[in-house]
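Each of the next two complexes has subunit A plus one more chain, namely subunit B in the first and subunit C in the second.
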Partner chain A sequence: MGIFKFVLRRLAFGLGALIAISAAIFFVTQGLPADPAKTILGRDATPENLDALRAVLGLDRPLLSQYFGWLADVVRGDFGTSFTTQMSVSTYLGPRFGNSLFIMLVGTIVSIPISLILGGYMALKRDSLFDTSSSFTTLVFAALPEFVMGTGLIVIFATTVFQWFPAVVFLEEGAAPWTNPMGVVLPITTLVLGCIPYVSRTMRASMVEVLESDYIEMARLKGVSERNVLLRHAFPNALGPVFQVSALNIAYLVGGAVIVERLFNYPGVGSALTDAIRVRDLPVIQFLSLLIGGVYVLTNLVADVATVLVTPRLRTTLK
Partner chain B sequence: MTIEVEEVSKKTSFVASAWKMHRAKIGFAITIVVVAFALAGPFFAPFTATEFVDMPNTVDVPGTFFGTDFLGQDVWSRFLLGGRSILFLGAMSTIIGVLAGAMLGVIAAYIKGSLNSVIMRTFDIIIAFPGILWALLLVSMLGSSSLLIILATVISTVPRVGRIIYGAAVAVVEKDFVSAATAIGESRFRIVFREVLPNVTSTLLVETNLRFTYSIGGIASLAFLGFTSDPTGANWGTMVQENSSAIILQPWGVVLPVIAIALLTIGTGLIGDAFSRVSAGIDRGRND
Partner chain C sequence: MEEHDDFIVEVSRRNFVKGAGTLAAGLGIAGFSSVGAYAAPMAPKKGGTLKVGIVGGTDDIIDAQYLFKLADVLRLNIGWEALMNYDDKFKPSTEHGLAESVEVKSLTKYVIKMKKGVEFHNGKTMNMDDVIYSWQRMVDPALPGTKALAQYLSPTGVKKIDANTVEMNLLQPNADWLTTLSQYACTIVPVGYTRTGPQVGTGPFKLKSFTPGVESTHVRHANYWDSGKPHLDGVRVINFSSTDALVNALAAGQVDAAIGVPASLVPVVKKNKKLKVLSTSAGKIAPIVLPIDEAPFNDKRVRQALRMIIDRKKIIKQALSGQGTVSNDDFSPIDPNYNANGYVAKQDVKGALALLKAAGYSKEKPLKFTLWTGSDNFPEVAKSFAEQVNSLSGGVAKIEVGIPADFWDTKYMAKNVGAYTTYWNPKPYLVQAGQMLDVYDETHLAPKGTNNPYRKWYEQAIAEPDAAKRRELIKKMQAYHNENGGYIIPFFLNVIDAHSTKVQGLVQRPASLNLDTFGRHFKNVWLA
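So, the complex of A and B:
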């Protein structure tokens, strides 16, 4: 019963947060004192054009009714029409969504096992040269902004030093990203390098704690082989906190993708967002912000529930 | 014997024990060098930021160190000029964000009840959305003045600092000296600022450093995406973006600013790591 109530409570908070985020997004894009119509069309727009755009946006209505109208449309699956491409937002973003999902998914699949093994091994060889040097290296990577890391990769592997990979991803309209495997290597590597530090450091901390616990000592004293101690007792118990951080990192990927996609000119939702921001394509900005917020809330929710499920202690303390 | 050891370790201040770690010294040295470049650089720039020097994207230009950029401006001068604004905006938003976050966190810990939930839920909601996106939304709709860039960075700093300080302050609030202060009738204001806040300073120091690292990264990223208060002015983040298309012809316009931002964030990151090791011995992630 405890877990069921917990999931419900968490779900309620997630939904609440999403509604609050949607209100904030809407307010920032459409409710601020600056006239969005003027912001979009620029200084020398004619009054007729301004009025026409205001009517499209519903700016003549009170703010709350604009917001609820927009929210109702979103819930019905009608995300509006992109100003610049004149396509419906879902048609415009559909293929791009797939492209972004691809690099994020591959990024996650590559980074999580590497991080778990690296972090686990660091804990096992605690305070050795391997541990300290890895801790230093991960720290360095953790501090770097994504565009600096990505540009560094471009300088080293795509242009000045070696010319192994393309610096920009050329992807034809509608082509799947895996049709250009060389092109996606550097963007994915940037995302992976951005994720590994956090997950591996958490894994290390968690594994150190587990290795010092009584039950590991007990297992060793009982004569369980070292291999079994690590694989059956230590590793699974160290995973709890890692779930949390991994989820945060998937959520981070969604934000990091904005920068990485811009940098490599990758046709995903992140670059669509920066494009939309440049020309102030409100329906696209609003939808993408909401989408990213949704992914963020959802991954955190899944992580919280998963953490509780893999940590028996937490299950019993739930009210 | 043990008592003696304890006394010694208590006397050693927080900063001093962090300073004993190699990474703190390395981090400090790196940070000082980059900060010196950013602050003093403008006095040594041979050209102005927007002066036309020679053919665009040329490495070998007589009279210049690193050649010209995408508009024929001097790369070395723009590099020397381009660190100040990032450093200034980063420092400002860290100071404001950490102060506001710490205050809200301590207040939420001390004053329980509905105000506590309002503050903490608001934090949760802001954190439930990537910081860079809040910044992009604000800056794209309102314009990218320095004030707005600071505000956009502060918004993502406050709830993260607030949550950490709240966690540290909740333990302090339960201590006897706070009850004693309440019993002798000290004002709530005094209790929050004179009793609770001084007892979370080590956490605050860790937080300040961490947030400075991320603020610099965030502000440079915004500049990379084209959001600065002065679009034609020199700025390390903008330089990377402007010159990246001609990187094969003229790598320096990209390499110099990238190295500078990298060193700055690595330097402050190393100091922050030394602090956090002394403070709690645990690693912390960007979203904690």
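So, the complex of A and C:
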């Protein structure tokens, strides 16, 4: 089986997973406690107003009919209308998705190279003071919730010790996040600090394993320079597991950055999701859940393909 | 007000003045002792935009007369004004309102003379058609929340007398109607106003932009009727998704004022010398509701035992970080007829256990029920209450706390679900009683159509023009409620806000609305 067939097969799996995810999302969100119509109208809602609103929102139809109607709309690219803002979901979430994508990309671009270098160096200096102290530090950061790290950064750099950066992000309507570079420093730093421990520790473990392997020993015995041993033989082979962890981290950044966005009042999809859940804005919840699920599927697919491409053993089995 | 002041004083004001004194002396409510504690010593400075932070979301609305959440209350108060307002002593007053005077002809007939030269944000001069339309919209059955008003006013109840005067004819007498005229949501809008149309009011700031869940900007109304005001060029309301982010933004100087600071964060704010906390109580309550006709609460001994067993100070400390004042299960401390010394709710664990035993409960057969609450409805209070009852009763009572996401939908005012929590902003006694009797029958104390003495006295009191007679009736109501009612009101909650020291014009005093009644539509606020 060639790499092309492998990708196609994984794509088919991904699509199947997405359909399963869509059904799970739809039925779970529709089953959320609390009536969206009552949530929108408040405690003074009259029965007549409630019935009228339920009809407008399509909540009076059978659940299966609602699901297939929703799925057909999604396939057509119509994600519905937000119950609360009365805007189309894509119009409402478009700028927010861009905002989240920005901190996610910057977070990834910053955290992955740092993690790879850090993890690789820790493996090279295995059991040294640097390795031990770095392992300890990354373990501490891995154990700290983002909320605590973010709050710590705010206390140190925004409110109490120094006042170098803003504590929260204000973005004018329609303004891009890079127009407020000082504002995004602390949220991105929190995300970076949240990602580095996992990736660097995986890189370290993977690199240690590779450096102990027979082919590295063979390369050294053959007199290959240490630089070439590391860069041509060890590093690429150590990347496989790192891709997997990085993929999970990227997916986390899309959906799991909820806490960070909430803490910094950052107008991204994470904060939109918490707001939508609070007000039972089902179209927004469903779209965002599907988006996060889609990103998980896609990043894992990319990671699998990348792992195959950089690992000679796996490449060979596909032929 | 002009020549009719005296009559109004007779039916309403005297009571309020006296009541406020009683309140201050009897309760020692936080803030009364420190009125004017940091009143602005300098002359107001013109200009600047005040940045106000508040928790809000995409379900925020702007409507001159309707609201769902605190963010909606804030925006309403920036752009719109009622006929009257509470003054600093909770007396209905025309000082900040659009009425020049209100003459009480009888408890069903009110003649309202409007201030002259009031201009809407769109440049139109306010006339009597606008006043009539505004009240018609408020009693429009197609809009939610009209039940209480519609009992008293029909859509044809307001009539134009001359170019500057209207007459309001009520369907039934209401001795507290001036209080209704003072409600912040009973505002005046131009003819044809709708929620989806142009947002035009008479307030000191006009709406420039509004993005729900993000922010709204409001700019100075150049032709505002109160000359020389407002001092600010504008107000920017910024939404936050959490109170943590809100307080962080205040500490970092990104907002000038934070509305609705959680009690737990007050110590954090107090440590910052650039910030000031406004924490006062005017009598907001968060009662535990025991429906009195449902088991096990249909046994009066159970209700009394639950009242007696708790340590109210401890609940305030645990659930409110100390930001509250002990209450004795009675409500409306802003009412002149509030009886602070009437029914002292002292903790009596032994007495409570004896009552539970007499009601047939023991360790083997404990009193069991669920106390339902919402995540936005002071769940800490429910938890603290249940914890205390369970531990102090030594297993004779076992209360579970339920915090379902659909609390307001499935538990609030539902039949036979157990006990639940609720909340009420401060109101005069009869207004609060009327809401409880006819709109939100939470405890089932005196349902409609029954010959219950509480309802009978309420109906007599609300129609009674003589203040002394009315007071006697209210006393009877209070005694009956204390004996038979289903509310446990352990405390009066503080309303807590914070602001930067550069924000001037706000005074620490009890207020029914946040931030010193929002600085009277923010017209008193300025930036140093």
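Of note:
Assume the second predicted complex is superposed on the first by the 295 of 319 C-alpha atoms of A that agree within 3 Å, B and C clash if a C-alpha of one lies under 4 Å from a C-alpha of the other, contacts with A are read in each partner's own complex, and residues count from 1 in each chain.
Note that contacts are C-beta pairs under 8 Å (C-beta built on N, C-alpha and C of every residue); 3 or more make two chains touch, one makes a residue touch a chain.
Given the structure is predicted, the values throughout are model-derived calculations rather than measurements.
With both structures placed on the common chain, the touch criterion links A:F68 to neither subunit B nor subunit C. In the superposed model, A:T159 makes contact with both subunit B and subunit C. By the touch criterion defined above, A:W178 reaches neither subunit B nor subunit C.
In the superposed pair of complexes, A:P267 makes contact with subunit C only, with no contact to subunit B.
Within the superposed three-chain model, A:A167 lies in touch with subunit B and with subunit C [touch as defined at top]. In the superposition on chain A, A:D275 makes contact with subunit C only, not with subunit B. A simple residue count on subunit A separates subunit B from subunit C, and the partner touching more is B. Within the superposed three-chain model, A:Y215 lies out of touch with both subunit B and subunit C [touch as defined at top].
By the document's definition of touching, of the two partners only subunit B reaches A:L248; subunit C does not. Residues 32, 34, 39, 151, 154, 159-160, 167, 262-263, 274, 278 of subunit A lie at the contact with subunit B in one complex and at the contact with subunit C in the other.
Every residue of subunit A that touches subunit C in the complex is listed here, in rising order: 32-35, 38-46, 49, 82, 84-85, 92, 151, 154, 158-160, 163, 166-168, 170, 173, 261-265, 267, 271-272, 274-276, 278-279, 281.
In the complex of the two chains, the subunit B residues touching subunit A come out as 23, 124-125, 128-133, 136-138, 140-142, 213, 217-218, 220-221, 224-226, 237, 240, 244, 247-248, 251, 254-255, 258, 261-262, 265-266, 268-270, 273, 282-283, 285-287.
Residue ranges of subunit A in contact with subunit B, taken from their complex: 13, 16-18, 20-21, 24-25, 28-29, 32, 34, 36, 39, 136, 139-140, 142-148, 151-152, 154-155, 159-160, 167, 198, 201-202, 204-205, 245, 248, 251-252, 254-255, 258-259, 262-263, 273-274, 277-278, 280, 285, 289, 292-293, 296-297, 300.
Remark: subunit C residues 57-59, 68, 144-145, 147, 209, 211-215, 238, 240-242, 244-245, 248-249, 251-254, 272, 404-406, 408-410, 412 touch subunit A in the complex.
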